[in-house]
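Some structures are shown below for you to check.
Two complexes come next, and they have one chain in common, subunit A, joined by subunit B in the first and subunit C in the second.
For the complex of A and B:
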């Protein structure tokens, strides 16, 4: 099995620095997701691992070997693209076998492997069709098949589901996960979709502004975001943020005392500016105006079937919360939000780093 | 709301439509007649006897259709000292056009490919130079090219004519292919690189099969351009490889005694058969070629 290591990787387009100081250790068989907004360099990083992008500094090791300047075909990788990138003039069979033909694999062996992969991805009936005669989902299935047939140790996925509609996306997501369980290859998956990241990844690498912001299990990323960017980017709807000042171990937010001691490892000095983060599901909405908690006014209610999203206001501050559908509130109601203390996230107001 | 809004102007236009449409058609018909009259005159004249040409009106149909002049133009009209008709030029034109077009397309496609998919050093500079080359009036370059071809021993030879044609065609053809390749998603190239395809493998196995429309367009443009060329063939071909256009000119301009209008018309029509065939059979492709960034043609 093949692991991938990146050592102090830097990439430039001319004078523009696209990535810098990227250090990443991907153990064999891990499913790792590079997550970040568009333009954060995650696709560039994937291209660099594939050998499709020149590296300005640092090293790429695949399976323990230095592959920094090795041709893509010799890196033992396979890649799936957002645009499918199927060869339009070749049949599905031609697409699946092209790489093997180039590698001069014997014909019976090619046939065997193509048949095997076609069966695995349920594209057998499509083998003699052209890509233009396939639906989007079928095309991506074939593209995945083209990667699988290479028998590579490392799979690279560049936003493979972004061009598909919601239903197909979740179907193929499950299929990719199943593929990983079956092949046990190392998989590096680029996406801007945090749901894909949460559901697929063994480990998520959140990227922004040319660097890695945080890496960890989906659980760590969600429950212990390293900074306000990660906290906001992962989770839907996004985490709520309240600005406050520390006083006597509590945070004073808009005149109210919030107990933050439970969320901190060590107490903070008075006067320090902080940002208090709380996820929508970590507060309880109390319809009783006299109850404990932050007094707010209901702005918008979004019924979502099993639950409701309630968007509240307190002056300039907006707060969203999840409530069970049984909670009956409507726009304009005065309610209270009870924040659970141990679920608060405290960030430094200046650096945005978790405290 | 949207539906009523979008229908209203259509209905208002329905009044004006028959009038303006009739006007457009009338104009088109008149212009078509103006454009077609010379062709008509050429065709009928080619079938008339000299007596009829001298006596009859220009536009009347011939009394008796005669293919005699066509045969003469093809087989025995005098093109300078030789009197073997246009057939020699016809063969020469084929000998010039086919290799020129094939080489121009091959060179243009490969150059366009290198410029669009591979990070060639100074690609933009190269491309700009090519573009400027495309805008240069080629008459200016005739004399330098005569010196060059005679120095390397290609002057007055088939290879010389072909080489000059390829050089002149390169900017346009390269531009056509580069622009076409620029529209092909880069992911396709990346996928092929991961699959192990190198420079030529990607070009021949993936890019070329996708480029059939562009090859057709470039082919049509260059066939008509090179077939219709006069000056390159005249200057570089010498006597042995004078193309049809040069021989036609010799027939038309160097007759002694009475001018045989019918033979001249027949010769002209014979010379334009190939480009006309190309236009008629491939009008759609041709328009696309002209529209997709050809700078001359």
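For the complex of A and C:
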């Protein structure tokens, strides 16, 4: 089994530094997701691991061997692309077997592998078609098949599902997860879709501004975001933020006392500026104006089937929450939001770091 | 509110185009048909309309000069098209890989095409002149025995024309193919590198097939050059030595205007037209089909 280590990796396009000081240890058989906004360098990092991108400094180890300057074909990797990148004039069979033929794998072995993979990805009936005769979902299956056929220790995916519609996307997502359970290969998966990240990953690496912001299990990323960027980026709708000042162990937010002690490991000194974060599902909407909690006015109500998203205002501050559909609220209602204290996230107002 | 229905605007478009279509049809198609008609008459100095069956064609194909012309055209096509395609593609692939000074290179390569074929012919005539051209330069550089006399050699003169034509057209083919290569998905190149497919295999089996439409366009352009081959021959060799570098277009013009054998020239022109149709139609069809498949 093949793990991947990145040591102090730095990448430049000319003078522009795109990534710096990337340290990442990916154990064998792990499914790791690189998550981040557009332009944060996810693809660049993946290409560097593949050997398609020159590295300015640092080291890439695959299976314990230094692969920093090794040709892509010799790195024992396979890759799947957003645009499928199938060989256009070759049949599906040709696409699956061409690389093996070039690598001089014996013919019976090629046939065996192609048949096996075609069966696994349910593309057997398509083997004699050209890519132009396939749907988007089928093309991506073939592209995944072309990667699997290589029998590589490490799979790299660059937003493989971004060109597909919602239904196909969730189907193929499950397929990829199943593939991972079956092959037990190391998989490195780039996406900016947090649902994909949450559902697929053993571990998520959140990237932004040339560096890794946080790495951890989906649970850690969601429940213990390391900074306000991660907190805002992961979760939909995004976490709510309130600015406050510490006083007597509480945070004073817009004249109200918020109990934050339960969310802190050690108490903070008075006068420290903090940002208090709370996820929409961690607030209970109280239709009773006299109840406990933050007084707000309902702005917009969005029905979503079993639940409703309720967007509230308190002065300039916007807050979103979920309520069961049975709660009767409408725009303009004065309500209260009961924040569950142990679910608060406290960040330093200056650095944005979790406290 | 008045909304123009699609069918009424379509009607308008058709009506606008009718006069143009009429002129095109009557002048071009009419001209072609007239020439074809004349080729079945006994016309010599002036057109007349006495039917002669295939007599002009029989004459034509037993004419030694016509045979040489056709042979030259075939040889020209057999070397010019593959060589120009290969050179044009190689230059396009090189530029596409992102060499420095791409714009300058593109201009330099395209420059020959901006010259008329006459100028190209004259330039190469000087370059290849046994007394004043490259051979002379070589002698002055100290290669006393250097001689290069293809252009005055009946067997080799046609190759000098082929060289000049390749030089003239490679840049255009390069630009057409470069446009195609630019459309090739970056991810495709990455997939090729990851699978470790050697460059020539990648170009031959993956990249070239995926720019089929551009290649078909280049082939059509080159085929037209082959059929219309005239001015470079006039400028370089005048069809000589003797009739060694004669080509069909020159044959037609000479017989139409100088030798005043209108019927024979028309038969030759009609033959040439049929040849064009036989070559170009499948190519155009191929091009359309490729485009359709790419969708």
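Here, the second predicted complex is superposed on the first by the 355 of 355 C-alpha atoms of A that agree within 3 Å, B and C clash if a C-alpha of one lies under 4 Å from a C-alpha of the other, contacts with A are read in each partner's own complex, and residues count from 1 in each chain.
Simple rule for what comes next: a residue touches a chain if its C-beta (ideal position, glycine included) is under 8 Å from a C-beta of that chain, and two chains touch if they have at least 3 such contacts.
No experiment lies behind these values; they were computed from the predicted model shown.
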item: Clash-or-fit label for the pair subunit B, subunit C on subunit A; value: clash
item: Which of subunit B and subunit C A:331 touches, first, second, both or neither; value: neither
item: First, second, both or neither for A:81, with subunit B first and subunit C second; value: both
item: Touched partner set for A:217, first subunit B, second subunit C, both or neither; value: neither
item: First (subunit B), second (subunit C), both or neither touched by A:132; value: second
item: First, second, both or neither for A:47, with subunit B first and subunit C second; value: both
item: Which superposed partner A:99 touches (first subunit B, second subunit C, both, neither); value: both
item: Set of subunit A residues, in rising order, touched by both subunit B and subunit C; value: 47, 50-52, 71-73, 77-79, 81-85, 87-90, 98-99, 102-103, 146, 150
item: Contact footprint of subunit A on subunit C as seen in their complex; value: 185, 187-188, 190-191, 193-198, 201, 205-206, 209-210, 212, 293-295
item: Residue ranges of subunit B touching subunit A (in the complex, touch as defined); value: 185, 187-188, 190-197, 201, 205-206, 209-210
item: Residue ranges of subunit A in contact with subunit C within the complex; value: 47, 50-52, 71-74, 77-79, 81-85, 87-90, 98-99, 102-103, 130, 132, 146, 150, 158
item: Contact set on subunit A toward subunit B in their complex; value: 47, 50-52, 71-73, 77-79, 81-90, 98-99, 102-103, 143, 146, 150
